[in-house]
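Okay, so chain A shows up in both of these, paired with chain B first and chain C after.
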Partner chain A sequence: MTGRSPSNLWTMARLGNRIRGISRLSPTATAGVIIILLFGVLALFSDMFMPHDPVSSFTDRILQPPSAQHWFGTDGNGMDVFSRVIYGAKFGFGIAIPAVIIAVLIGVPVGLIAGYRGGLLDEVLMRIFDGLRVFPSIILALAVVAATGQSLLNVVLVLGFLDSPVFARLVRSEVLALRSSIFVESAIAAGNPTWRILFLHLLPNSIQGAMAQTAVRAAWAVRISATLAFLGVGIQAPTPEWGAMIRQGAEFMVSGQWWVAIFPGIALILLVFGLNLFGDGIQDILDPRRRVSK
Partner chain B sequence: MNLLSVQDLQTHFIFRDIDHQLREAKALNKVNLTLNSGQVLGIVGETGAGKSLTAQSICGLLRPPAKIVGGSVTFQGRELLTLSEDEINTIRGAEIAMVVQNPRSSLDPLTQIGAQLVRLHQTHTGGPLAGSRKKALDMMQAVGIPDPEGRFTAWPHELSGGMAQRVLIAMALINEPKLLIADEPTTGLDVTVQAQILDLLNELVARFDMGCMIITHDLGIVAHYCDQVAVMFAGEIVEQGPTREVFLTPAHPYTQQLLAATPERLQLGVKSQLGGQPPDLFNLPTGCLSQDRCTLATEKCGAPPPLIEISKGHLARCHFVKPAEKGRSKSNE
Partner chain C sequence: MNFSHFIFRRTLMVIPLLVGVVFLTFMLVRVGGLDPVGLLAGPTATAEEFKMIREELGLDQPLWKQFVIYAQNVIRGDLGESWLSNRPVLDDIMARSLISLELLFWGIGIGTLIGVPMGLRAAFRPNGRFDQTTRILSLLGFSIPTYWLGLVMLFVFFYLLRWAPPGMGRISLMISPPDFITGSYLIDSLLTADWRAAHSALAHLILPVICLAIVSAAPIIKQTRAIALEVIASDSVRYARACGLQTRTVRSIVFKNSATPIITFVGTEITGLVGTMSLIEYVFAWGGLGQYGLNAIVRGDFTAVQGYVLTLALFSVLVFLVVDIIIAIIEPRVDLS
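Presenting the complex of A and B:
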């Protein structure tokens, strides 16, 4: 497209209107976006916000309560909890985003092919994915990460794989409805090979529901990865990951040093809450039937 | 050599019912058709006669449980029924194009119409993108879309039914096919737009020297726009011939009844409505398929009727038709 300035202005004005429209349509989504952006900024520019190094210990200030110098206090190793909570946002996003991307990359093509081809292939693929969903995800993730080795990469891969059935199911159900629609038949009649029909016509028309789910599934990934770290699988203790920090702090709760566990817990809850708000809001916006009439 | 020649095409629906009984609906029985370049062939018949199924069989668009069980389809001397899916994909959309009813739902709702045209040209013809874009704009111009540049980025939902049908015709013609199959191209459009679209089709057929097959319920359309007409009944072509000849001197009793049932003739008090029902496709009668509703039927209709050439290019499938000229009869009576 040629960049004519009036049309650019027009586009920008339209974009502004669109944003205003969305925020009016769904205050939930807006609140979610604000929370996510907040954590996103913290994760990207954590160096600017951290008053101390998150992994260097002040041996003289072990388990100090919140003060002007250490806003959230210090933990059992004398590390600054505030800096560690901020740094932990990196792990929240660093696990959730790649995990969801992997889940989409596995689930969406499988859903497309299973839905379009149908028959035995569909049955086999869907039964495999049903099998994955039968196990409680935490137990399965625990087992797989414990078996494959304790690394961040493994956690990401396992979460992505475990979550792919969600996307496969969503896309498949859309494709089932779309594959006999007239425009798909027209595309076949126009001599398009199957891969073009799948990826040029069915994919854009069936992806909407799956995309609305990404935020909710990201929240799930944040929660599960924190749970794994809390249980001591995957990410290990001195790493400033929220789940690992909560585990460390848990033993001090009984002795009254609440700040070590509570602050990473609040951060975790806020991020999961924000992602869920955003996901719900997106679904409300995309599905007019769920809209509350005012 | 004919552009398209369909010989004894048989398509059946074969499936198991809820009792796991194998059932077979004989939807197409012995379809015989020929079509030449520059000709417009109208296929008429009542609902369920197999008009659309014929078109889908020709293009290899059948899905189970529909299955071609016999016959042949030759296009430019090439047998279509034995081609693989990949081979037929190079013909569909490139050399044989289809225009279907419901133009608005035939377009991908999430792609701008210009992009749909360009994609289709890229799929079959290829070449630089700019060339495809130019071709798309030319085609939009050719089918009478006002302001092609502006409409290039329009979304399918922004088009009226008539405009969407024009876009579909542009898409069908963008790869310069040799054969255009229009399956009820004007259903759902009002009469003015209908006339515009059909005039356009006729003009384009002449300009690009294509063969064109129009499937319709409307005898008026056939009389006005088609050089040839084929009348279908219960999966059979009962009569094919030059439109004028078939309309003025219909040979097959079913064609006679069909023509007598048009509202204009009803008003003249010539004849009444068509009585009876088409035969049960699961349980076809032996012999002539229209014997139940035919006024002429006698016991000799229990034998399959021969295809008789009445005059050059005018054929009918009936025992009572007599070839006008001597010889040339395929009858074995």
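Presenting the complex of A and C:
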């Protein structure tokens, strides 16, 4: 690939226009993408950015304030906070992405089938979802992780599972609206098997709303997983995860060593904020009703 | 249609949901295959003792039978005993509920008083400077971890400025709490004219309430704006405008028409906020139900966790019910039948 052939230039120019068009449509979404990409680079290439090992302690430099050597200071174990904050990005993405994928993989088929079949199955599922809604999500996540076993894998599974109703509901309501439309009826009349109707005809037409939610749900997953770690459920210190780091720094906040907890908190806010910005912008772009005429 | 009849039937409709809630709470502990027997029996227990404890807890029964027993106990108000302290869970919860309600009341009250006007103002001039700013601010509010905000507040207002008391409890240890009237230290001490206690209670309340208000205002701003925008686009408001009514009058029409969905939204928000609040309690050592529940979760005290989760869910169901009744009162369009 030379990358300089006219057709390539043409596609690149078109891509550039496309990006400019989108960024004009929603500057907030663009800002969100930039923040997410920055953290993505930190997570993927953290080795290049970390000045120290995130879990090796300098026993002679415990709780040192930010300096040229340790930009964000050192924590109670003498570990470099800057390196740990950078490494923490790995946990942010490493938990949120698989959790959202699991939520989609469970929620979307459930929503498809419930919406298409209707009847008792649909009724029962919706009642269960209604029941789940009266529990605060953070408490439910905490209690289920604590009950089913405290491992990183389990945190991912539980978050994905608990978040799946969001996607199931969205897809279901779309399918309900599409179920009796002509293209579905003709697909049935043409003798398509049910799975074909579900996954080839209904799925592409009903998934847009659910996809638009993924960024916001990823933000939720990052936030909740950090909260779990803050409470010491699922992820334990001294794992360089942001929530766990805030937990370690909590006791030092009232004695003046602010840097241990402040920096991981800022990183956490930025990533969640970026995901929320992106998700909010995407929903604006995809849903014309949300756009306000100027 | 008779109003009390409506309330009665609306209350009956809650029953299937309650059964579901009790079932989910029951499954919460069973799903993990947790074995309380090991915890209760200790390391030196014999197989005989294990079997005895199993039978005592009813764990040798089939699952559905265990659920029936659990549901019966819940109906009788028996939430079991804490595995760790051996105290009845219901007593612990009752003692702490009011303490949490005080925080929740002020937090949501202030959050709503900030959020609704800001959301309305943003909607009156969409895409204006105020709208853009509040949009970013509310997204930021969505993104800030509550516990971190609490810690930062303690650092700034307790450690640096010395304005606030340390984040420990609801009143200074040096001051005796006021007599029990409503359960709120602030209101009780004001009622009994105990100014020193009132001052201390207020000082302890401010930081956690600000945290909760910020967290609750963010979604309220966003939703109020969306609701008001929809109302503004409706035919009735367009007609009001076309009639040449003053902007103020039109805005009050918009507010009235948005009130119902906003109240519904705030009601559903309370569910999530109760969870958020527990983290604030945890950071400020508030000593309420939230802190109790989180400690139970962290320590693996699952009867207490069950009781806590069940209480929160029942509270949400109650809030939904009250919201429906309030709406039926203020909204002439609701058909009571």
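Just so it is clear, the second predicted complex is superposed on the first by the 278 of 294 C-alpha atoms of A that agree within 3 Å, B and C clash if a C-alpha of one lies under 4 Å from a C-alpha of the other, contacts with A are read in each partner's own complex, and residues count from 1 in each chain.
Here, a contact is a pair of C-beta atoms (placed from the backbone, for glycine too) under 8 Å apart; a residue touches a chain by one contact, two chains touch by 3 or more.
None of the values given here were measured: they were computed from a predicted structure.
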Combined model on chain A where chain B meets chain C, clash or fit: fit
Geometry of the superposed three-chain model: angle at chain A (Cα centres of chain B and chain C, steps of 10 degrees): 100
Greater residue coverage of chain A in the superposed arrangement, chain B or chain C: C
Partner chain(s) touched by A:276 [first = chain B, second = chain C, both, neither]: second
Which superposed partner A:183 touches (first chain B, second chain C, both, neither): first
Touched partner set for A:227, first chain B, second chain C, both or neither: second
Touching partner for A:253 - first (chain B), second (chain C), both, neither: second
Chain B versus chain C as contact partner of A:219, first or second or both or neither: second
Lowest inter-chain C-alpha distance for chain C and chain B in the superposed arrangement, angstrom: 14
Chain B and chain C contact sites that coincide on chain A, given as residue numbers: none
Contacting residues of chain C [partner chain A, same complex]: 16-17, 20-21, 23-24, 28-29, 31-34, 126-127, 135-136, 139-140, 142-145, 147-148, 151-152, 154-155, 158-159, 166-167, 226, 229, 268, 271-276, 278-279, 282-283, 293-294, 297-298, 300, 302, 305, 308-309, 312-313, 316-317, 320
Residue ranges of chain A touching chain B (in the complex, touch as defined): 181-183, 185-193, 196, 200-201, 204-205
List of chain A residues in touch with chain C within their complex: 28, 127-128, 130-140, 142-144, 146-149, 219, 223, 226-227, 230-233, 243, 246, 249-250, 253-256, 258, 261-262, 265, 268-269, 272-273, 276-277, 280, 290, 292, 294
Contacting residues of chain B [partner chain A, same complex]: 59, 61, 86, 88-94, 97-98, 100, 102, 105-111, 119-120, 123-124, 168, 171-172
